[in-house]
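See the structures that follow.
Look at the two complexes coming up: subunit A is in both, with subunit B in one and subunit C in the other.
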Partner chain A sequence: MKQRILNMIWQPETFLIVLIGILLTAMGRLDASFLQWEVQRALSSHVWELAIIAIPMTLIILTAGIDLSVGSVMGLSAITTGMLFQKGLPLPLACSASLLVGIFCGFLNGWFITRMKVHPLIITLATMAAYRGMAEGISHAKPVSGFPDSFTWLGQGDWFGLPVAAWVFAVMVGIVLWMMHGRAFGVGIYAIGHNETATRFSGLRVDRYLVTLYTFSGFASALAAVLFVARRNTAKADAGMGMELGVITAVVIGGVSIFGGRGTLIGACLGVLLIHETREFVSWHWNRDELNLLALGILLILSVVFQKLLRHKQGSAI
Partner chain B sequence: MTDATSTHTTPPLKRALIYLLSHRAAGLFLFIVLLLGIVSVMNPAFLETQNIKDIAVQAAPVCIISCGLMLVLVSGEIDISVGSMMGLLAACMGAMVSESRGHLPPGMAIVLTLGIGVVIGLLNGWLVAYAGVPSIIVTLGMLTALRGVTEIVMGGSWITDLPDGIRFLGTGAFMGIPISLWTALTVILVSLWLVHRTAIGRRIYAIGSNPHAAYLAGLPIKPLKLFVFAWTGFLTGVATLVSVPQLSVVDSGIGVGLELLVVTCVVVGGTAVSGGLGNLSGVLCGVILMTMISTVLIFMKLGENATYWSRAIQGLFILGAIIADHWISRQRKS
Partner chain C sequence: MKSSRQNISKGWITTAFTAVLAVFLTACGPGASNNESSNASASSDKNGSKKITICLIPKKKGLPYFTSCAAGAELAAADLGNVELIYDGPTDGSPEKQASMIEQYTLKGVDVIAVSPNDPDVVAPAMRKAREKGIKVISWDADAVQDARDYFVNQATAQAIAHGMVDTMVSDIGGPDVKAEVAIVTAYLTAANQNVWIQHMKTHIADTYPNLNLVAIKPSDEDQKLAFKVTQDLMKAYPDIKGFFGISSVSFPGAAEAVKQAGKSGEVMVTGLATPNSMKSYVKDGTVKSVVLWNTSELGYLTVMVGEALATGKLSSGATSFDAGKLGEKKIDGDHVLLGDILVFNQENIDQYDF
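Up next is the complex of A and B:
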């Protein structure tokens, strides 16, 4: 019994909840207005795109992979929506096309990774440049705006008291949690992360899993792009610039091991919450965005260092 | 036996392609010559001395950093923080020498800039080798964090009053050739010596091609990794010193996207991302090709819109290099 309680305390999720609690209390002391429900709801509109992309990123990092191209896929999808809308296509069609572009980008990532047998980081580094470059090339770095209200509602409007994007996120988390929990799909992902070769020899179609995950990542990025365009009422090639860093940091802070095989989706969501509150508070209270850049970079490195230390401790105890 | 028969049955064209792709320097050289031929037929102005000189001056800092990054890749790691590092070093250098800010003597500023470069490199290397954090995570974090530090150093303004002593590094020339080219040449020669004539160089290849064997052979893996990152930091400092003073304004956006250009040059130059493989002549050709391309696009009169595609071209070149490597290894097996 004692052991079980100890185990529960040692979970990264417990740590995160305590940490978020402490941070929020401190923020409330410094600036009570920050914690008001209305303020929080308004500020939350900044995070849903990141949160949506964090779902597939968690799964990919669980397989010991990484996807650096998510921000660029967002850029390319945003531009697809914008350019097609400008050409006079009805918006539902333009959005579907941009989702297709995202799915295709993600599929291409997965295809290259499984065929070329090169580490995902170098493939997605290359496609990060290629997709962003295509977005810039197609649009000549010019923005498209003037979307109708029915579309911007997706990004700016509320539905049952929460932003539409929040509902999209909730549905996606629900589905993925259901898929992961005690189902072959979830077990397979953890197995690949623990030992890819062994998983391959045990007859699991590892390549199929990986292609699916990277395609899912492309789809989620495109979905985030559509919501982003609707929220800003502008489609521009630099949509989602630097998104990969925020997403990866959130997932890693959430206790998902960058070496694969360990971590949970709930943890990653808590990581997203932690990053979001910290970021918004720095902007809200000090109004210094460069501090955010610094903090985000350092947090990413420190959280991996911390993970290693923690793992070391656990390893030696057993 | 099977090898002999398979080479006999391979068509000569395919054999030539395999040769050119696996001897990357030769293949790239041929490609560069072809590209030069095409563009100079379309627009003879490309071959004017001034234009060639401009391209060479653009290539110099990229070449200097690539020499360092090649060793990082050979050792099996990656460094995508060099662009932000250059931005920070430029800001530090500017703040130190500017008459309205630090007003340090240029010599001291040069030493300090190189020193900061080495320190950041050491920090990267320490986190990778001793703290055990994957290099992509360390340098991705640094890519952002250093940009934040740069903004803090610059304080929202920019620096225009660089003294002549520093300006000379960027605009001066010796025997008619810009200082930056001499520096690049020196760095290449030192790198050649380092790679081919010293134990450190050979050991870096050893730890990259088979880390486990290198460990069993008792090679000092951690200090070597620390060294390659520090060396890259140092070379980024050198590149900053010879390229930034060419600009009339030092702002916080220097070096954005440089990391990608350098990685592209090194990978296109035949350096394996999995470590252990890579040579300087290939990397040099990669640098020349990648810095030439944007100018080539302009001279081919594709319109100014062509420059918007430069990032896409970089990405496609990395993918192309990966596909080429994959194809060759499959040909070798069969």
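Up next is the complex of A and C:
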């Protein structure tokens, strides 16, 4: 019993909750206005796109893979929405088309990884450049603007007291958690991350899993792109620039091992929350953008060191 | 063996936790006392009158050009006394981050937001929201979408820039009656700013310097190598050419390098628009006599003055002039506040400027 409680305490998630608690308390002491609900709700609009992409990224990293192309898929999907809208296509169709583009981009990643047996790091590094290049090429780097209010509501409006994107995120997390919890899908992902070869020999269709996950990642990136276009009322080829770094940082801070097989979606969500609050507070309180990178770096190092120690602890306790 | 490892790791965890706590406690200490002064809109100065918080957002923080603008803004804040200046911008030059910053400042309820937009369309929704909340919004250095801001602090009119460049060139190659061939190396053929300048340059040449012959206008596509090549080609096509205008910060050094490598420094003059640091070496070796720009420090100064005047109601729409303190009276053209004159950097004064 005691052992069980101890094990629960030494989880990365517990550590993250404690860390977030300490940070929020400190932030509240420094600047009470930062913790007001209205402020938090408004600032949260900056993070939902990252949070949405973090869901598939967590699953992919759990299988010991990675997807560096998410930001570029965002750019390509954003510009698809924008250019089709400019050509006079109704917005629902333009958005659907951009989701299809995202799905196809993700599928292509998965196909290369499973059929060509190329490491995900290499192939998504390549498609990161290729998708961005396509986006810049198709659009000639010209932004599209002037979307109707009915569309920008998706990114700027509220629905039942929260930004629309927050609901999208909540629904996605709900579905994925439900699928992961004690179901074959979840077990399979962890198994692939622990030992892909053994999982393959045990009869699991590893390739099908991987293609699904990378396709899901493409879809989520495209969804984030549509929300982003609506929020900023601008579709441009450099949408989502650097997104992959933010997402991967959040997931790793959330305790998901980059070597696969370890970590949880809840942890990754806490990681997203942690870096979001840190980012916003640093520019809220100190008005110094350069401190942001420093704070993010410190957080990442701290979190990785702690988790290493926690795993050590766990390993010796079991 | 096992237990000693456990102890070591336990010790590590305790140490690390203490370290984190220490960091936060020190962060809390001075911060808590700072709170009042940084809590923007609520603070007052000794006389009890309200302090005005002005947020100055550059296109990219850390660029020497904008740092020199910020220095001028600091001066204005010090001169005015009732202004609290916040200077912050994206270190990566991302327009999304500019928009996020505007949103943050709006939530904080500052008095004035002055932004040099990287992408007018991206920041426009955030700027409009700020205006809805009663915050005075101005653009400076580069204009925003017109209905998203109250005023634009314009560093120099297209006419002043164009005339400045032509006059400078004429005096560099031999005075008002000089008979010579010159050419323009521009950015893109579609670049809006450059095209307006070219138009003004053409009229000014036709009106004032009939002996000056503008033989070519070539694009460099904002690529220094292409500017270099274009200039080389022009020197071959027009062996008697006397001067080049490099009318973007990229085409200017490209053209200067071509003239220098052709061994024609001093013989063929190059002038144009750029920051002094990027052209210092060419000015020193004589390829370039004069670099045209505006006074960046005064631009920052004027922006803060305009912001303060808007917030206190000293400046309202319809005004045609504005008293900008030590800068004197400044003209207002519609919703543009004009800084006015250009600044010419040459061998004598270029070392005084560092941006």
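Simple rule for what comes next: the second predicted complex is superposed on the first by the 295 of 318 C-alpha atoms of A that agree within 3 Å, B and C clash if a C-alpha of one lies under 4 Å from a C-alpha of the other, contacts with A are read in each partner's own complex, and residues count from 1 in each chain.
Everything that follows uses one rule, which is that a contact is a pair of C-beta atoms (placed from the backbone, for glycine too) under 8 Å apart; a residue touches a chain by one contact, two chains touch by 3 or more.
From a predicted model like this one, the values you see are computed outputs, not experimental measurements.
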First, second, both or neither for A:119, with subunit B first and subunit C second: first
Partner chain in contact with A:294 - subunit B first, subunit C second, else both or neither: first
Touched partner set for A:200, first subunit B, second subunit C, both or neither: neither
Contacts of A:141 with subunit B and subunit C, given as first, second, both or neither: first
Partner chain in contact with A:258 - subunit B first, subunit C second, else both or neither: first
First, second, both or neither for A:22, with subunit B first and subunit C second: second
First, second, both or neither for A:245, with subunit B first and subunit C second: first
Touched partner set for A:127, first subunit B, second subunit C, both or neither: first
Partner chain(s) touched by A:305 [first = subunit B, second = subunit C, both, neither]: both
Set of subunit A residues, in rising order, touched by both subunit B and subunit C: 242, 290, 292-293, 305
Subunit B to subunit A touching residues, read off their complex: 78, 80, 127, 131-134, 136-138, 140-149, 151-152, 260, 263-264, 267, 273-274, 305, 308-316, 318-319, 322-323, 326
Residue ranges of subunit A in contact with subunit C within the complex: 19, 22-23, 26, 29-31, 33, 38-39, 42-43, 45-46, 143, 145, 152, 156, 232-234, 236, 241-242, 280, 283-285, 287-290, 292-293, 302, 305-306, 309-310, 312-313, 316-317
Interfacial residue positions of subunit A with respect to subunit B in the complex: 66, 68, 112, 115-119, 121-123, 125-134, 136-137, 140-141, 242, 244-245, 248-249, 252, 258-259, 290-301, 304-305, 308
Subunit A contact footprint on subunit C (complex, rising order): 2, 5-6, 9-10, 12-13, 16, 20-21, 24, 27-28, 31-32, 35, 38-39, 55, 61-62, 86-92, 94, 96-97, 99-101, 103-104, 107-108, 119, 121-122, 124-125
